[in-house]
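Each of the two complexes below includes chain A, the first together with chain B, the second together with chain C.
Take a look at the complex of A and B:
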């Protein structure tokens, strides 16, 4: 009798256990799918040029800096790295500088035209923005912005600005207006209240969205390749030398692109989901 | 008076910026596509469509999107559901799954080049397993199918994360009570997923699909890294018209075509997956 009553319970416990194992196995499998290709690139980057072109390959890095030092000393690479950092920094400054005030305005005021502005910002998400580099190339030649870091940074800012606006909007919305109002009643001006009360609270989030803007620019390929000739960024440099560069240069370059990106993503991991979740509603 | 003007003052930099670097280039690109030497003409579109590569290019781009996006949707749903059921290690799993978000499409192409290259890791594995005795040329000009598969894999690897993140954010909004109620009435995990998760996830699904489809038409650097010119896609051809063939007007026509396809699909998914106001959570 007792056996009959126990069996369903035991079966469901078994099923649950099997389900748990399946869950863990799936997570591990998906994790390997994401990490293994990156690992293989790093193996290549940490091998000597001969090992990279040799066959068959080793699945473990030889910790040889041959490829990397070849890459760093290759003509144009150091400059391309510097240009990438410069453009990304400018993009970061521009997108936060323009985006954060807009985000604050959206979170604190109700005014005619608010809907239109939000629509304009959201619309940018529905267009392949790097294409805009094509007409801008002509405009930049006329205005002397062609082949400059600031010119490219302006285009990258169109990519990063919508994120900056939406992210700072949600950041400021999360800080109670009452805090600001309390500061006003205690004699602060609007600017003082913002600087002394709101800014310290919002700063970590703003920093995260700045890192995000930096990463967007750091990774962008098409506009960078269209708009730069002499002052190529790392992505533009790698793209334009794909045809002739040896394998070990490509892999070392790929690693040089990936490793900083991994660090950026790790630095903002706490905000990653909030940001993408919000930025795409 | 000051209070009334303030929001507009705060929005002004971002608005002006978007007008100059987002709206104006659109007008410019349309203008360039529709004129040649100052006169209105459709010749640019004729030149674009008349190129022998054009049908292949359109077919490759659409086929790639049609194959990659559904697979990514399923994988992103799997990742998101697995993560939401995880009790320990949830944030670590999320971080790992989100890593490709921060990786440039060029770097993703180079990562998969390390695998598919003739002296790469796939050939090494096949040789160790004794399947092949000589490395196979996966990415040669004669092996269009393997190039296509490599590009599709790299795209799936790179851009599933963006859908996953949006879906995870969306799943977080579904009230737990619904699942508890369904469980009480005896609905299994699959039934709960189909009857609760999927319908309530519709707004997020819509965003994720639209964003991803647009990105799919922008595919460029992954193809450049893996296939060179052996697998022409729209964005790559646009780049070619601009640089190799030095014809800005046809490049603009090509860009306009990508824009038109993107907008067309955006409207299509907005309509098909539309969520009535009352049904939102």
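Take a look at the complex of A and C:
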């Protein structure tokens, strides 16, 4: 009898152990998958041009700014950097300008088709950009939006908007409606109540959502490469010059793209988790 | 002067009717309690008066002015919410001052009124704190102070004590009553707690399934319930109901007893009596004791009468035993009769 009761216990302990190992292995694999390229990028970006091309590789960066300074002084980089910042800033303003009111409406009002609307917001992400790029380029050339910062920002806004809507939706949903109602009974119009009560409470989250929109635009390469020629953003510029540029320039450029994005996303990660929580519901 | 008149107010949410044609007149400075189980429409009615909900039909008048088309800020009301709704990004001082600043009062007036109401609610020492640093009871005080500082014509309270623990609730209840009486405002207070309603109200409006069943003074509501629901909802334990059959013109046979009652064409009506309004004696309703619960000041005895449960509150020195046959004599002036079809009092 005792043997019968012991065996399943032992088996389940084994299974648990195996499960633990599987979990650890998966964590390590995913960690390496994400961290190794970043590590190589950082090491090489912080090495001198000679060290980058040398073999064997160094484990620790030499903290040599040779590659980076070469990259910064490379013809066109400053301009591309400026374009990236400009487009990303415009994207940020547009996505919050449109996304936050939509998020507010979703959280506060019941209207017919609300569920469908939320679904459609996400659906916009289902269309692959390459599919849209050609008709979009033609349309942009006709309207004169091609090769302009605002034109590219509009495309990036389309990409960032679903996230802006969902993040601000979860944000506003987290603020009790009674706070707003209390403000109304204390003499506020709807707009005043929003400005004096809801906005101060939502501001950190809105800022996070803005940073996320900025990052999406900052990282986007396809639309940028198709829709701009003279006014290349940094991603499109690097893609274009990838073929002929030396290795250390690629590493320095990659680091210049990845590091700000990483810092931004790390800063706003709390709000992104909140968004997934809501989106999964 | 701010009397309130609710005239034929109805509210429908889609196919669900939350309020059926409610009429209620509340006098100036009256303390009116809306009492009912959850989902009876009491909060909806309060929110319609506040302007947070629009009625599907009907009119709301405050101080002789029709307000049902006005936004909350133009109605001369202040509201205390169940979850307090203290603004977390403002200090207690700024919370209380919020409405006064919206009125664009001079700074000196704002400070004077905030300090006065804070003193009234005993929160002077908390003025620099934020809502996150306050206990539930303190938040409740801030919410009430914020409403009082507005010096409104009408204060609306939506279950303001239900989130507090029992002891604090008792303390706040007495305090609220004093403060609101002194403020001379008209008050509408929503609660599902009958003890709260009885102890606070000038008048209680008992609501059931979107209708006001009875609006009367607490004693009247307790002694003379207008409908069976009021008798069964108010009082702990509730009123006892026993079927009565016609025994003659104006006399009814109830559980082995013949009692004088209302003249009616019906063959069957309902006899009702409060648990404390019976005495154990040699004559009365035939009852079999099931459960005895000594409660200190008195003893609650649950019996079988005519196959139904009957609760009687007897003196604590009454010597009764489980299984014993009792005769429970109802006090003649406390007997009530109900029509079983309409459930209204006869």
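Simple rule for what comes next: the second predicted complex is superposed on the first by the 234 of 281 C-alpha atoms of A that agree within 3 Å, B and C clash if a C-alpha of one lies under 4 Å from a C-alpha of the other, contacts with A are read in each partner's own complex, and residues count from 1 in each chain.
Everything below uses one rule, namely that contacts are C-beta pairs under 8 Å (C-beta built on N, C-alpha and C of every residue); 3 or more make two chains touch, one makes a residue touch a chain.
Everything quoted here is computed from the prediction, not taken from an experiment.
> For the overlay on chain A, clash or fit between chain B and chain C?
fit
> In the superposed arrangement, does A:120 touch chain B (first), chain C (second), both or neither?
After superposition on chain A, A:120 lies in contact with chain B alone.
> When the two structures are laid over each other on chain A, which of chain B and chain C touches more residues of chain A?
Partner with more touched residues of chain A: B.
> Would you sort A:176 into first (chain B), second (chain C), both or neither based on which partner it touches?
A:176 contacts chain C only, not chain B.
> For A:151 in the superposed arrangement: first (chain B), second (chain C), both or neither?
Once the two structures are laid over each other on A, A:151 reaches no partner at all.
> Using the superposition on chain A described above, determine whether A:192 touches chain B (first), chain C (second), both, or neither.
After superposing on A, A:192 lies in contact with chain C but is clear of chain B.
> Which partner chains sit in contact with A:205 here, chain B, chain C, both or neither? Use first/second/both/neither.
After superposing on A, A:205 lies clear of both chain B and chain C.
> Where does A:130 make contact in the superposed view: on chain B (first), on chain C (second), on both, or on neither?
Only chain B; A:130 stays clear of chain C.
> Once both structures are aligned on chain A, how many angstrom separate the closest C-alpha atoms of chain B and chain C?
10
> Along chain A, where are the residues that touch chain B in the complex?
19, 23, 26-27, 30-31, 33-35, 37-38, 40-41, 43-44, 52-57, 59, 94, 97-99, 101-102, 104-106, 108-109, 111, 113-114, 117, 120-121, 124-132, 134-139, 154-155, 157-158, 161, 165, 190, 215, 218-222, 225-226, 235, 238-239, 242-243, 247, 250-251, 253-254, 257-258, 261-262, 264-266, 269, 272-274, 276-278, 280-281
> Which stretch or stretches of chain A touch chain C in the complex?
176, 178-179, 181-189, 192, 196-197, 200-201
> State the interface residues of chain B toward chain A in the complex, per the touch definition above.
4, 6-8, 10-11, 13-15, 17-18, 21-22, 25-26, 28-29, 32, 75, 78-79, 82-83, 85-86, 89, 91, 93-107, 110-115, 117-121, 123-124, 127-128, 135, 157, 161-162, 165-166, 168-170, 172, 189, 203, 207-208, 210-211, 214, 217-218, 220-221, 224-225, 228, 235, 238-239, 242-243, 248, 251-252, 255, 258-259, 262-263, 266
> Show me the residue ranges of chain C that touch chain A in the complex, using the header's touch definition.
Where chain C meets chain A, its residues are 50-52, 71-73, 77-79, 81-83, 85, 87-89, 98-99, 102-103, 146, 150, 156.
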